[in-house]
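Lettered A, B, C and D in written order, each chain numbered from 1.
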Amino acid sequence: MSALAPTTGAMEGRVHKLPVRVYYEDTDAAGIVYYANYLKYAERGRTEMLRTLGVEQHRLREETGMQFVMANGEVKYRRPARLDDALIVETALTELGAASVRMRQVIKRSAGDELVHFHAHVACTGPDGKPMRLPDVLRDALKNYVSE
Amino acid sequence: MSALAPTTGAMEGRVHKLPVRVYYEDTDAAGIVYYANYLKYAERGRTEMLRTLGVEQHRLREETGMQFVMANGEVKYRRPARLDDALIVETALTELGAASVRMRQVIKRSAGDELVHFHAHVACTGPDGKPMRLPDVLRDALKNYVSE
Amino acid sequence: MSALAPTTGAMEGRVHKLPVRVYYEDTDAAGIVYYANYLKYAERGRTEMLRTLGVEQHRLREETGMQFVMANGEVKYRRPARLDDALIVETALTELGAASVRMRQVIKRSAGDELVHFHAHVACTGPDGKPMRLPDVLRDALKNYVSE
Amino acid sequence: MSALAPTTGAMEGRVHKLPVRVYYEDTDAAGIVYYANYLKYAERGRTEMLRTLGVEQHRLREETGMQFVMANGEVKYRRPARLDDALIVETALTELGAASVRMRQVIKRSAGDELVHFHAHVACTGPDGKPMRLPDVLRDALKNYVSE
């Protein structure tokens, strides 16, 4: 992989790890990362786990009409991240349902401190916005990576 | 209130209501509001409830050193909002703790559809980032507005 | 207009004025509004000028296929905005071209300080992304509001 | 450099190159990157050029009180970026002034298409927000990298 391609992170066993840098755009006047922006990091992590396993979302949508929509999320903020911090987003698939997936994500400082925990329940929807069964290409890519 | 002052919304009983418009900045390539951006609307709602009750956060911080930090949140996405939608953020205070508050928020379309539910547990922290008791000025402003 | 409808601002002569509040989401770790976020305020101003004059962008797109795309912009930052500031976005149409419009925008503190100047050259494009003549409904809405 | 450290990009001659991925957070309902978000990419590029040359902004601020503030910018949008695109932000320093720097930035698709041009004039300010001469550590880091 060239130094000039964006990183996709890497799988370590069944856990995907994505490095993320904190920029000014992510922080707020309290001097820390704005609380909603950790969910952007989380979404980058989920996206790159899929890409690492061979699935690109815009292609999935073009080919099957399927689109992910967040159904619900639970987020715990333990410690704040700050400007210039090097973070790692860890993503584990915890459930592969008929028309949804569950993921457990931890955002850490590279040094190891756990900052934010996020549990995501993501629905698969069709072009009409209604629930849709996971396409085979997606199920096949994910089925060996379900964590306990 | 002048038409050229930003709205602070209004209390209806113990519930604060803030109108919000969906702009391009809020949406994503799926044609709907990006999932993390509802948390921006929620934070505007909490901020304006406080402002309506006489508390401005930058002043609170200057005068008491206190700052709100999200401890954890639970968000349920029921229906998506779209470009140009007129929304209402409803905010109710459900618990006034020693060093934290809990709020229940619902983001609706003006027409009435409930789109997103958010439960926020917000900690009060001091200049050192450690838990801090709610300053009296804040407790006094809020104590008559706790919903059951 | 109900207190619970989002404001569309108002025309004063040929200048549109939109009130905007600065929230945490807009600021960065330098304690001021992040430089790219003034362009969000500017876009809200352009959008609400159109809405005030009877044009909603999602309808324009559905009915004519037309979509605005920024061609180029020039932005001057004179003074920073801070958390909780009440701002006004002033928008003036300076040129109504065949397939583009030019607008001059000033973001002020309500008290009057000019903070940011933005000159926008916005292209009208069709569903294929190519230049498209302004639809009549748009030209008719705007033609009496060109500032010198 | 570990695969799990965020990339800082790399200098090629006097031009810094940073790879960037387009995520849902960056796009809008028009299906393309929202116009203000290219300025986030540009800021990441400027930040990583400095980091590559040994300067971290939060340290510069702690040690010298200096902080960059955008004075003005000019942006030309030639082609849009889309979800999942792999981009490169090229940053060249074009002027090293007494209390400001000028940079020329091009955002490309990895395949080579030029999408956005940005000219930035960035002021150095002290803790009081007033102009401040470039600290020696910054001038020394940059002086051999001025492009014509």
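The criterion applied here is as follows: contacts are C-beta pairs under 8 Å (C-beta built on N, C-alpha and C of every residue); 3 or more make two chains touch, one makes a residue touch a chain.
Small disclaimer: the values here were computed from a predicted structure and weren't measured.
Novice: Of all the other chains, whose mean CA position lies farthest from subunit C?
Specialist: Max centre-to-centre separation from subunit C belongs to A.
Novice: At the place where copies subunit A and subunit D touch, is the share of residue numbers found on both sides over half (same) or under half (different)?
Specialist: Same residues, largely: of all residue numbers at this interface, over half are found in both copies.
Novice: Please tell me the distance, in whole Å, between the geometric centres of subunit B and subunit C computed from their C-alpha atoms.
Specialist: 26
Novice: If you average the CA atoms of subunit B and of subunit D, how many Å lie between those two points?
Specialist: For subunit B versus subunit D, the centre distance works out to 33 Å.
Novice: Using the touch rule from the top of the page, what residues of subunit D touch 2 or more other chains?
Specialist: Each of 24-25, 29-30, 32, 36, 40, 43, 58, 82-83 in subunit D touches at least two other chains.
Novice: Applying the document's contact rule, which stretches of subunit B touch subunit A when the two form their complex?
Specialist: Within the complex, subunit B contacts subunit A at residues 29-30, 32, 35-37, 39-40, 43, 58, 67, 69-77, 80, 129.
Novice: Report the residues of subunit C in contact with subunit B in the complex, numbered from low to high.
Specialist: These residues of subunit C touch subunit B: 3-7, 9-10, 17, 19-21, 23-25, 40, 43-44, 47, 56-59, 82-84, 86-88, 110.
Novice: Sort out for me which residues of subunit A touch subunit C in the complex.
Specialist: Of all residues in subunit A, those touching subunit C are 24-25, 27-32, 34, 36, 82-83.
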